[in-house]
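Chain nomenclature is as follows: A, B, C and D, assigned in order of appearance, with residue numbering initiated at 1 for each chain independently.
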Amino acid sequence: MADLHRFANPTRFLKLAGIIQPWALAVFLLSITVGLYMAFFTAPADYQQGESARIMYVHVPAAWMAMFCYTVMAVASAVSLIWKHPLADVSARATAPIGAAFTFLSLATGSLWGKPMWGTWWVWDARLTSVLVLLFLYIGYMALQGAFDDRVRAAKASAILALVGFVNVPIIKFSVDWWNTLHQPASVIKMGGSSIHPSMLWPLLIMAIAFKAYYVWVLMVRMRQELVANKVRILRLKQVHGG
Amino acid sequence: MNEFLEMGGYAAFVWPAYGLSAGVLVVIAWLSIRDLKNTQNTFEKLSGEKEKSK
Amino acid sequence: MKQFVFLVRRDLNLAFRQGMDSLLVVVFFIIAVVLFPFGVGPEPGTLARIAAGVIWVAALLSTMLSLERLFQIDYDDGSLELLALSSLPLEVTVLAKVTAHWITSGLPLIVAAPVLAVLMQMDSDGFMVLIVALLLGTPSLSLIGAIGAALILGSRRGGVLLSLLVLPLYIPVLIFGVSAVDGAIGGYEFKAQLLILGGFFIGTLALAPWAGAGGLRQALE
Amino acid sequence: MFEGKELTCIRGERLVFTGLNFSVQAGGALVLVGPNGAGKSSLLRMMAGLLKPASGKLLWNDGLALDDLDEHAENLHYVGHHDAVKSVLSVLENVRFWAGVRGGDVSEKNILSALDVFDAKHLADVPGRFLSAGQKRRVNLARIIAAPAPLWLLDEPTTALDRASIALLDSAIRKHREGGGIVVLSTHADINIEAATVLDISDFALRREIQGAA
């Protein structure tokens, strides 16, 4: 009967999440303040793009997070399909909206950063285009998660989609890069700006740590919500089927 | 101070970028926490016992 | 192998008896392409330049349209359960379904494509490569689409959801399909693109049955 | 010999039944009873290998049935709620297809004799869309005769059947069991199966466990 309990009442994880959550919040708050301070005060302005390059300190970590979250979803989906561990489904489902938010942010900040440089809000730059496709993969995943009444069916179908999507990400990246070189004369100012000077590198890394801490914090909140919602559903089923 | 705010003439791009990012992250966090609170309340209402992870 | 052919023959039989369905796919393909001259104007220069892209995007959309019902009919009338229980492994059943789908919707597109190329004022040296590229590309579209069709079985929002899942995965095939045709017209390299399309085909041939059968198995639970 | 040990079934988050045991000898029959939603269909689907048990083992002639699903599927027939009759194909083509997919004998003679068992021979060239529910069910049952398999899993086979057809089903089941076959069926109608073991699924639902879990 032990594994039965694991489905219905994963108290062990709920306690653990309760502990991790405040720590993640603390790390997030600390690193975001340090990161922002460095991004605006210690890091020099870019000699070509001037102050607008400071958008890089939110754009680049967001793009990293977009890819990181999708990888987490793919790994969690593989674990859930192979070892059928219920927490893997819950973590993949909880990660998706956060990853999608970061993907949207990296697109929006990329467009805001590109406007002064290229004069238009959107340029079919290889990186931006791949991130746009990644956003569609996220939306497809979340739409599939929401398309089933039975939570277990939704989890299994989305797990397969996440894996299929993950296998295709490098192929899409390769195709978009190739397509980009075919049609786009090498854009004068590379998105990444001039070579990364250490004083610019540190804020980037600290902002990246801040975003990861934010991810862990919100992930814990969302996973706890999913697990308690599972318990509520079981109570509802008990009501219906006569306890 | 306002020299800083001007962002070397790029204020119209730097501040919206940071503002939007802050906004989106805050909204996602707030929604998630609100959902958690609601679910915990329904759970307590249904099962009548204190939700341990509150 | 005998049962594989048996299943493909039955599906073809079904498709031809309900002739209208596969015909609709081709009619949609033609109408979608014919709309463009009304949109961008009939001027041959502009049409020729966008011809390959328009034809390929239309091919993508029409393949996708006919995919939603790939498993849905058999799922609803109980045949899918029995197919899963036949001695034919589910992966081979998925392949048989995809083969039947490709014959009823992929091939007609390829037949109609040159006619539309003429309509779009495409340069004639592009015709042959367009056909070869479609021959290599449309099977991948059916295969990837079959994964999507298996995943949305029994979900509330079928059609639109399928397009959202599958179209992002179609992008590589679109990119290399169009550039193969443009390459032929422009007189520069196009063999590499065709080889890559072939590579996609073999890749999806390996991925789709496994993912599709996985999707079907949990849909039948 | 078909046996199930300590089977547990979870559909979605609902615990359907647990600790369920059964065993049926060659020539035997097992009748599943119990209220709707007790898990009769789930158990039948589990026996067919469509639904994996959360825990427990399924044995066919003392071999683990679920290890090789394709091989297990070869020696069973499953009749579910739907009749898998294509409206465009004729009755003969429908049954021939199902016999062919199972690698059975697809000759016209064999198909017609299978249809005759359920008095559907006269419908042979009628397209599926003209058939009534009862006729569709008889065509579906004829498919089992066309490609014989030792284990029959019938989920409420008598729905949509009139008295005469139920008698035909009765004799087909008797003949199948005399040949050493096994029949497991769930039913509401009072179909009289001699010397059948009856299994009430609701005995295996778990009341206490759910309360403990919440």
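Everything below uses one rule, namely that a residue touches a chain if its C-beta (ideal position, glycine included) is under 8 Å from a C-beta of that chain, and two chains touch if they have at least 3 such contacts.
On a predicted model such as this, the values are computed, not experimentally measured, just so you know.
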Subassemblies held together by touching, subunit A left out: B | C, D
item: Chain pair, A-D or A-B, that carries the greater number of C-beta contacts; value: A-B
item: Distance between chain centroids, defined by C-alpha means - subunit A, subunit D (Å); value: 47
item: Distance between chain centroids, defined by C-alpha means - subunit B, subunit C (Å); value: 43
item: Subunit A and subunit B, separation of their C-alpha mean positions in angstrom; value: 16
item: Centroid distance [mean C-alpha coordinates] between subunit D and subunit B, Å; value: 54
item: In subunit A, residues with contacts to at least two other chains; value: 153, 231, 235
item: Per-residue multi-chain contacts in subunit B, two or more chains; value: 47
item: Residues of subunit D engaged with two or more neighbouring chains; value: 214
item: Chains grouped in pairs wherever the two touch, ordered by label; value: A-B, A-C, A-D, C-D
item: Footprint of subunit B on subunit A - complex, ascending; value: 11, 14-15, 17-18, 36, 40, 45, 50-52, 54-55, 58-59, 62, 97-98, 101, 104-105, 108-109, 112-113, 115-116, 214, 217-218, 221-222, 224-225, 228-229, 231-232, 235-236
item: Residues on subunit D engaged by subunit C in the complex (per definition of touch); value: 45, 48-52, 70, 73-74, 76, 78, 80-86, 88-89, 93, 97-98, 100-103
item: Residues on subunit B engaged by subunit A in the complex (per definition of touch); value: 4, 7-10, 13-14, 16-18, 20-21, 24-25, 28-29, 32-33, 35-36, 39-40, 42-43, 46-47, 51-53
item: Parts of subunit D lying in touch with subunit A, wherever the complex brings them together; value: 8, 10, 12-15, 18, 37, 54-55, 207, 209-211, 213-214
item: Residue numbers on subunit A that touch subunit D, as the complex places them; value: 1, 3-5, 7-9, 150-153, 230-231, 233-235, 237-238, 241, 243
